[in-house]
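Here the chain labels run A, B, C and D in written order, and each chain numbers its own residues starting at 1.
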Amino acid sequence: MSSTYILTLSCKDVRGIVAAVTGFLAEHYGFIIESAQFGDASTGQFFLRIEFSSGEMTPPEDIFKKRFHDEVAQRFAMQWQLHDKARKPRVVIMVSRHGHCLNDLLHRHLTKTLPVEIPAIISNHPDFKEVVEWQRIPFYHLPMEQGGKQAQEAKVWDVFTRHGGDTLVLARYMQILSPELCAKLDGRAINIHHSFLPSFKGAKPYTQAFDRGVKIIGATAHYVTPDLDEGPIIEQEVARVDHTFKPDDLEAAGRDIECAVLARALKYHIERRVLVNGCKTVVFK
Amino acid sequence: MSSTYILTLSCKDVRGIVAAVTGFLAEHYGFIIESAQFGDASTGQFFLRIEFSSGEMTPPEDIFKKRFHDEVAQRFAMQWQLHDKARKPRVVIMVSRHGHCLNDLLHRHLTKTLPVEIPAIISNHPDFKEVVEWQRIPFYHLPMEQGGKQAQEAKVWDVFTRHGGDTLVLARYMQILSPELCAKLDGRAINIHHSFLPSFKGAKPYTQAFDRGVKIIGATAHYVTPDLDEGPIIEQEVARVDHTFKPDDLEAAGRDIECAVLARALKYHIERRVLVNGCKTVVFK
Amino acid sequence: MSSTYILTLSCKDVRGIVAAVTGFLAEHYGFIIESAQFGDASTGQFFLRIEFSSGEMTPPEDIFKKRFHDEVAQRFAMQWQLHDKARKPRVVIMVSRHGHCLNDLLHRHLTKTLPVEIPAIISNHPDFKEVVEWQRIPFYHLPMEQGGKQAQEAKVWDVFTRHGGDTLVLARYMQILSPELCAKLDGRAINIHHSFLPSFKGAKPYTQAFDRGVKIIGATAHYVTPDLDEGPIIEQEVARVDHTFKPDDLEAAGRDIECAVLARALKYHIERRVLVNGCKTVVFK
Amino acid sequence: MSSTYILTLSCKDVRGIVAAVTGFLAEHYGFIIESAQFGDASTGQFFLRIEFSSGEMTPPEDIFKKRFHDEVAQRFAMQWQLHDKARKPRVVIMVSRHGHCLNDLLHRHLTKTLPVEIPAIISNHPDFKEVVEWQRIPFYHLPMEQGGKQAQEAKVWDVFTRHGGDTLVLARYMQILSPELCAKLDGRAINIHHSFLPSFKGAKPYTQAFDRGVKIIGATAHYVTPDLDEGPIIEQEVARVDHTFKPDDLEAAGRDIECAVLARALKYHIERRVLVNGCKTVVFK
C-alpha cells in the first residue's frame, strides 16, 4: 500500500546531492510528487524538500530510514527528517485576549481546511474557555501570577508534552517566553507579530504606525526566539491604509492580515515547507 | 471663460468651515468638481481640498483671492493656497547614478501622462547627460567636491530658482541635503527612499533586507526634512520576495516599485492632494 | 445631547449643492465629521455623503428632516436619507454549505468589530444549525423543495421582515433569488461571488480559473439583481496563484479573500458609504 | 572553464526521471544551481527545469547533448532543450502608438537589468523612430496597408529572421497576427493584453472596465496564438481603482502594470522558466 512522505534535508552544497537522494528514492520505488531545492550562495548551505509516494516494494519506514542514513545522509553529513503525511501534526495554541487568530485557526480546523489536530488551547485569561470547550477541545487557563513566570511556563510545557504537541502557535499570546522555553521549542513555536517587522518592534505597533503616518501596515509570522521580534520570518502580509485611519482602525485592518499570515505560515510549517537557515528561513511554497 | 482652480486650506476644526467656503464659491459662480476634507481628531486640525471651475461671472483671480481672504480665510485663521490648474508645475529633478526613476519620470513627461514642466536636471555625476540633453532638457553636472557641500548646494539652489522650480524631486540622489536647503524647500522637495520606512533606515536597505530575511520589500516617497528618513510619508508600495532573492535581485525588484511610488507621490503633490500634517501627511486621492 | 448622523444624497449636478447642504447643517448646529462627494461626468449625477454630529440646539430628528426636505432637498430634487449612527443595522444572513463567510461575519459580530445586529440566519441546509444557535441566534432551515422556490422565498421574506431586517447578506447562498425577491430587496441584498467578475461568471468559477490557467484569482461582492453576476460591484479582492494550484487549492485560496471582501463590502454598506449609480457603485471609503 | 546551462524538459510523469537526469549531471561533473519540477496530476505530464554549471571535466556541449539524448531523453521520450546562459536571447519588439512598454523594455536593456539583445524594433507607425534610433537600434516602419496584411507580415518575418530573432514581443502592437505567423512563432511570441483576462477580451478593455464599474483592473502577458486573447497566460498583475477613475485614468493606471507584467513575463521567458502546458503555462519562478 502506498503512503506519502515528506523528506527535508540540509547540508553543505556539493555536487551530486540531488542525484544521490533521487537515485536512492528511485531504487526504493519512490515516486516524486513535488521537489524543491535551494543553494544559499552566501553560506554554501543546501536545502531540499521532496514529497514522494512509496510503492508496493518500498521497504517499511524504519528500514527505509536506516538505509537512507547509511547510504546517503551520512555521506553528505545531512540534517534530515522524514514525515509520513498521513500523520496529522498536533498543534497547541496559546492566546491572550485577542481571539481573531484563534477563531480563524479553529474554523479552519473545524472545516478540515487545515489538516492538524488541536489537542489543547492554553490562555493566561479565561475569556475563550466557553467557545473552545464548545468545540470539544480542552482549554487550560494558566494565568501569569506575580513572579510566577517559571511556574506558569512549567505548566505550559506540561500541557504541551502531555498532549503530544508538535508545534506551539502563539496566536496573539501577549507574553514573552523565557529563553529556556524558547530553546525547548526551537523551530517548533510560531508567533504572529502585529507589525511589518522590522518596523515597529515592541509594544503597540499600531500606535507606532499611527504616529509615523505610514501608508501601509503589515503583520509577520516568525519562529519564536529569545531575542524578541528577531526570530526567522516565515511569512508577511500588508494592507493599505491612509490618513483617516485612527489606531483602532489600523488594528481592525491589521486583524485580517494577522489571521491570513498566521494561517499561511502554519500551513507552510506543517507541510514541512519551512527550513530554518540561520536567522532566516527557506520557504518552499 | 472658465478656468479650473484647486483650493487647499487648513485651520482649527470648528463648525461652519465647509459652509463658509462652499457658500463663498457658490456666490462667486464656482462649480465644485471634486472636494475632500479631513478633521484630525488627535490634533483638532481641519484640512480641505476643493477643485472647482469658475464661471463667466467669477471675478478675476486677484479679486477672488482678496475677497476669499477677507470674507472667509481670516475668520477661521486659515492657511490656504489657490492654484490655477492650467499652470504646469515646474519640477527640477536630481539624480546620482541610478537612472530608473529619472527615466520613468522623463517618459511620463514625454508622453504627457504627467502634466509638469521639467526645466532642468541636476546630477552629481555626468552619466545621464546624453539621455537628458537628447530630450532637450538642460543638464547640470554639479559634482560634490571634498568639503564643497555648501558651494555645491548654492549652485543647486541657483539652478532651481533660475529655472523657476516649484518642486524638487530627489530621484535616487544619493546625497543628504543640508538643513539650510531643506528649510528653503520645506514641503516642496520629495525623496524616494528605497525601503519600506521605517524599516531599514540609512544606507544599503536592500542589503539590510537580505540580512533580515524579510518576505516583502518596499519603497517610500516622503518630503525631505533635515532628519533623514523621517520626513512626512506621502506614498509607499511593496513587492513580495523570497529566500532566492540575492541583494541584487531585491534591488531589481525594488526598482519597479521605486518608479511607481515616486511617480504616484509626485502626481499627488502637483495635483495639490498632499497636505502636510506635522510629521505626517493627509493625501486626498 | 449630541448624536451622530449620516446624510447621503444624490441629485443632478449643479452649482450650489454643497453650499446649500453645509449651510443648512451649520445653521442647525451640525458639526461635519466626514464628507465625501462625487460628480459623475458621464451622467451628470452628483453624490454626497456627510457624517455630522448634532449640537445641543439642533432640532429633533423629525423637525430636522422636514426642514431639510423643505429648504434643501426639494430645491435640488434630491434622493436622500438620514441615518442615526447609534441605530445598529439588522443584517440577516443566508448560507448554504460553505460556512467560511458566515463564520467570519459571526466572529466579527461576536467581537464587536462589525457593529450590526444579526437577528436571524437562514439556510437551505441544516449544517450550521448548532454553531449558530450556540451563539444564541435563531436559525431557520428553509430547504428548497422541488418546485417550491416561491413558497421557500415567501418564508425567507417572512423571516427577514419579522426580524426587522435591513440588509440581506448571501454569504455563499448557492441559490438564485427570484426577480420578485430581488426587487423587494433592491439595494439591500449583498452577494459574494467567488470569482473576479466579470471573469468566470456562472457555476464553478474555480474550475473555470483552473482550466484557463490564470495567475491571479479573485472574489467580488455586489448588490443582488435579477441579472445574475451583473449587479453593481461594491468591492473586489485578488490573490496570486500558480500552476501548482489544483481546483481545491484555488478554492482554499479563494475562501480567505471571499471572507475579506464580503466583510469589507458589508462594512461600507452599513456605514452608508455605498451609493448605487446605475449598474455601478460610488463607494466613499 | 565553467559555463552555466539551463536544461528544460517535459515528458510523461513516471518514476525515476529526476534520478536519471541528476545522475547524468553528476556523472558529467554538473553542479546544480537551481532546480524546479512539476507533475500535472490532471494530465500526467512532468516538467523539469535545472540550472547547472559545468565542471572542468564536463564534455563539450555537442557531446554532452548527444549523450543526454542517448542515455536519458530517449528513454523517457522527453522534449528537452539545453541553453547556454552566456548566450543572450535576441528579442525583436513590435509596437504601435502606445510607447510605455517599449520605453520600459529599452530602459531595462540600456541599464543592463534585462539581459537580452534587441536587434530590431518594428512598428506599423513611425512615431518611435527617433527615440529608437537614438539608442542605435534599427527601426523598421512597416505600415499596414489596405489588404496588405500578408505582405506586411512577410516583411516582419524577414526582419525577425534576418536579425536572428529568438523571441518576438508585442509591446502594445495593436494588430492581430495571422494564424500562419502565429504558427511560425509558436511559444516564442509574447503579447501584453491590457486587461485582466479572461475579463474584457477584445477591443477597448479600459472602456469595458469603466462601463462595468470594476474595482480592480489588470494586465495579462501571454503567448500569442491564433485564437486572440486565449493564449497561455504567463503573468498577470492588477491595480485597485475606484468610482472616480474615468476611462483615461484607468488607462493611465493600467500602463504601469502593463510595463511591469510584460517585463516580468519576458524575464521568465528568456530565463527559460516558462514551459507551455497545453493552453496553460508552468512558470518556475
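Following the convention adopted for this analysis, contacts are C-beta pairs under 8 Å (C-beta built on N, C-alpha and C of every residue); 3 or more make two chains touch, one makes a residue touch a chain.
Every value quoted in this text rests on a predicted model; they were computed, and no experiment measured them.
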item	value
Chain B and chain A - chains in contact with each	C, D
Most remote chain, CA-based centroid, reference being chain D	C
Where chain C and chain D are represented by their mean Cα positions, the distance between them in whole Å	42
Whole-Å separation of chain centres (CA-atom averages), chain A against chain C	36
Contacts with two or more other chains, residues of chain A listed in rising order	34, 38, 244
Arrangement of touching chains [line / ring / star / complete / other]	complete
Touching residues on chain C, where the partner in the complex is chain A	34, 99-100, 103-104, 107, 111, 113, 134, 244, 252, 255-256, 260, 263
Chain A-touching residues of chain D, taken from the complex the two chains share	15-20, 22-23, 25-27, 29-39, 55, 240
Touch list for chain B against partner chain A, complex	38, 40-42, 196-200, 212-216, 218, 232-238, 242-244, 246, 277, 279-283, 285
